[in-house]
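Have a look at the structure that comes next, please.
Should a chain be cited, it is by its letter among A, B, C, D, E and F, assigned in written order, with residues numbered from 1 in that chain.
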């Protein structure tokens, strides 16, 4: 019923892993770019460059697509952003489209860039709009890659997508501005989204995918707590949602179970122990659906 | 007490992984093919070609063995099939022994094969019996491998073991019949099986191995359900077995825990959410013993 | 607040994995040996040869360090052994510093070694002390590696650190004595340990690290037990600690949950089934804090 | 004295190998894309996408560059083609820019393409000019890669660069026309080429590079020939150039040495033997300068 | 004109390398096992298990084939042995079919084997004939591989093909007899061999292949020798064939060039220097045709 | 007759390659560190840490050894340096033992180092002697590796062996002095060297090894030269040694053959062409014995 376009390239491996964990395994078949997903809601899958996906979703070639905000904006496509999909090559996959110049340059902020500067970028549309709004006319050169290598000999400024910025540092560039914070998006064709049945299917796919992504950053904690210390322990837990408490059979202990953010565990575990929790177990979760 | 023969070759890696997960780790030692398992029920382990295992188990060289149904039938060995062991290189490991001919051939079913046809196969005994029963005398050639490559220049028909059939398709062959559906079996020597003590040990080994295999296709779902929606949610769950329901301390919620098939999760999760289940967690299971 | 020295080399990969699982991920940054850990208790991390760590911790260059007992003793450093950290390249990581001679030698115990023998070792200080106590004067040669290869042509005796001893066997050596059983230790500087605030932080780090290590050898078992069989099942479980028992809603079953040693599971599971436990699930644990 | 731009990407490895064999080794240094060549004629080297090189050479950022004819034409840059450099990922590196459609399409030649067809290509400029000249207005879409995957669902026609065409075949496309035969070119800036000193240096670099390329397709044959058979043998050799003949000391034999095309050797060797050549040796050549 | 069957498996890589060096490159095409060789004498190539090749050549499915003597004899095929092809996985590729028993066995020669012994082998026909001629009736079991692992538990004797015998040693077996010394053979169909035109083509293919094999074990030595020392130097050279001697222009030196066995070079070079040869150069040869 | 110790570790792969090219292939056998060389002059081979080899050669455990000058000096062993062996991991293998400090330090030359500075090094003996001679008392710490990582937190100065110095640069250190230029040496035991027969064998081994090393940096050039241009061409060639000139049969051309340094070829080839040389061929040499 739904057709879906998945991104080829740097996000591909992560996307296939995400879909497999969401029980929507993408199986490669006879034709290389036309895999299948065995799910009653999905009848066509294609793996395409993320730069091209927004336009194809706008045109209705696909109901659903996955692409980065950077590609969506660059393409100018008119699509529905169903939700943010915070996954990527490393962790949550947030990228920044930044303005960088040589370390040795006197430029410190975008406003310092001289008019007529040569700017190399893989995002000429976004860059053009940005400098237009800024009121600084520049010469924009389309970059076929390795943009960071062109300063200072060939170019004055680069507008480049970065994850950690290490590549810029290694090439002795400094960041003087950020044009866009980009992350992976689930996008839908406008008509598909207005179709009741399709929207229900899209929402269900989204539930499965986000169920995996959310679970990646969380763990289950289970602990035994003497009745007298229950309040203290429960107060120590993050407030988000009440923990599940059950009374143990034939004992003065209560079992407290809760889901917490992985990033808090290093502080939380010693504190729980201090407050009287015993036999604290941490268990991995593979999906969470709130 | 038990001696066991494990299959070398395409199943080897999966078999060693299965035994390790079943807490029966196979440790390679000084002599390459004579590993050990640290378990009081097992005193000899050997890794051998699966084609040879059925005969050795029949002869009593081993109490237990793992081999494919294809090899058991081809060998004609008289052994006890303790249970099916649905694991393999990819997923459940079901293979088919099929009859294939050139795409361009006019043959559409086994009965169309002309007498005197040249048939290449790694399973001459099964093939001979099959064509005898069919009443078509053919010339059978033992194949040392790459059977699919011999059509149409060298052979008219191949009888070949396939997993997905991709190799046949790539070599422009078509399947016109299936002789056997094969899967991995745990087999025992007849006398060992009649020995009370040995049979108990075999059953326990089987319990551990199947405990792992069953867990691979299942996940644990845990969810909180408002009392008023319990019936609706429970009815949505697969009927197999009652879920575990416990009342939460000081709350109007019940905790529902159940084990479901992985292959149903993509449909089940959105439905549970719709029916009112909250905070649904999916957790991996490493063994299930019913 | 704390500075910590981690071992480079054979333990490095395992150490980084351990810290990551303990939610103390070690991130490599711009300077290769100066990574960071994003934790409010740790402000400096350095990866150094384990032989040098004890001395640096003694000198107060670091509050905390991880090193093997063999290196600590060889260095003679005066540090606090906070706790044993039973992890290593394979499993619990216990190593032995053994005395070995040629298979063909008539030496059977350390006392048989003749005075004046040439002894090759990477641990000259420990070796010197050992033979001094034994009262046999020997010539000690510092070995730069491959110690086992030097017998019988170049050396008479080797004192070498082994994990399984396979390397000695392959080189046709036999073990005639053990000088030291070594394992990985968490060590602290004496002054840091006496500082209240630092000691609390060290204890918390230890809790997280040991929480991971302990969880590696354990699994969670959850099972449903008919009320009538509860006693039998509970008696079958390892005595260590009472299992968590909860009454199921609307049923004659109790849910029994417990943590057991992985190495007992192969025996325990079949027995539990025999005693009446049903739907036994085994689940991996990623941390245990008692 | 000369600055040179080398192609990053699919030609990179081959280019670096070629320069190394030409004794112009490209050494990677501190800055990733700014390597060096230790040669008195070359003072700057940069590795850049081949699509960008022609324009930079035209602009005078570099005296010399290596790029494909496809990129040169697509860029429209005005540069001097110094010579063809027949090397590539496999062998001589000739590529074709072809027009392809679905196997099942009725289109058999470019003229059959309907106006308004959607055309996907990484070469929009060349494609636009081609269809303009052909008089068929089409909609051209810029392709970010995997162009061949877009037919028939997304596009009607692709204009794609191929080496063997296997990728098209695997994706069930057929070629209906060729727009361009492309190979690797050594290109120079116009002003640099007019500068006497620079042109001499360029010619010398060309001599070294072509010396390697030519040698790759040739071998040295050396053989002993009885005086009476010299004419027969010499006539058998390819006419290109006279072989080197020398009289052996104290013998009735002459030594004949010549360079022949590798692709002729399979036919030539047996014929030479037949004609009376003895002790024919084939020796690899690493450079040839005519 | 000729069809040729090449061996799949352990010899495959070496065979393809040999053909490529002989300027008869085997190119993999669309169908995996049906490659092509661009040579006017060869119109069909197929890669098949070496065990099956002799029979197919006998049947005339192929004019030419490459297989081991072990496979030829085991198959009992009636074919023409065109020549020995001394190449293999390592060096000259000579294998032995040996009889081996447990190290601890009292058997020292084939005659010591008791009648009724269980013999495992991948060569049942050769083995049957051997023991028949020896007059010892034994039970022969077809082995599907890892033959050496079956002693002593499952079998009493193995008949196995070895290259170095290391595998037998590692499995604690000893060799008590050799049934066959096997090497790679170029074989031809009898009718093809009697056909004049085909035989000429076969001889030419053989010339090219042996030209490569011979060159692998030889090197070219070129040296300058003062006239007065020519005799001494020439006498030092292997007697096989007269070296090529040429008088240098304007000098008292003669240039002596000869081809020698690689295995003699370590002794020959210092001796030539001692005898007065100067500037001795060793150069690799890629083909030799005598 | 000779026993020889070869270096394990960073030089090992290159050493084994060198010996193989010198027709002295080192074959690994049953015992890992006791390989063999099939040569009548060598009866024992052992692979050992280069730090230990000089002492063992001094003690007469080996007649010959290969080690670096740095190890020889550090060990203080009294051995004969037979010759320099300019090979290594990359190219000629020259290493430097340098003094380095933090980039930010004010130290610019060794004399600036303050007394009492902490110095980390793997070469404590050489370092001690150096600073003694310099008259600056320092505290020397033995380094087990990663010496460069210890500045500035743990150490003030490092004395480290470098090839390119990149590691120091990456760790933000600067070199302020060089203690030793080290290269690989062939060393002999003093008594072995005085023994006539052994010295002859050593000289022959040296001839073979240096024959390979010298050939690596040279190529053979062969060219045809019109008689009238012979002088011009010959004058262009490096003066080292007269080229081999031979008159061609029936032609006005002379063949000029010479061996030149690889590093000169980039300049020489274009010049030879300019002077009138034709058909210049460059050929690899595998050994040169002057």
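Throughout what follows, contacts are C-beta pairs under 8 Å (C-beta built on N, C-alpha and C of every residue); 3 or more make two chains touch, one makes a residue touch a chain.
Computed from a predicted structure; not experimentally measured.
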item	value
Option in A-B, A-D or B-C whose residue-number contact pairs overlap C-F by over half	A-D
Where chain D and chain E are represented by their mean Cα positions, the distance between them in whole Å	38
Centre-of-Cα separation between chain E and chain A, whole angstrom	59
Intercentroid distance (Cα basis), chain F paired with chain E, Å	38
Where chain F touches two or more other chains at once, by residue number	246-247, 283-284
Topology of the chain contact graph, where touching chains are joined (line, ring, star, complete, other)	other
Touching chain combinations (by label order)	A-B, A-C, A-D, B-C, B-E, C-F, D-E, D-F, E-F
Interfacial residue positions of chain A with respect to chain C in the complex	166, 169, 219, 224, 246-251, 253, 255, 262-263, 265-267, 269-270, 272-273, 277-284
Chain D - residues contacting chain F, complex	22-24, 30, 39-40, 203-204, 207-208, 211, 215, 220, 241-242, 244-247, 254, 259, 283-290
List of chain C residues in touch with chain F within their complex	8-9, 31-34, 46-49, 51-52, 56, 61, 143-146, 149-150, 153-154, 170-172
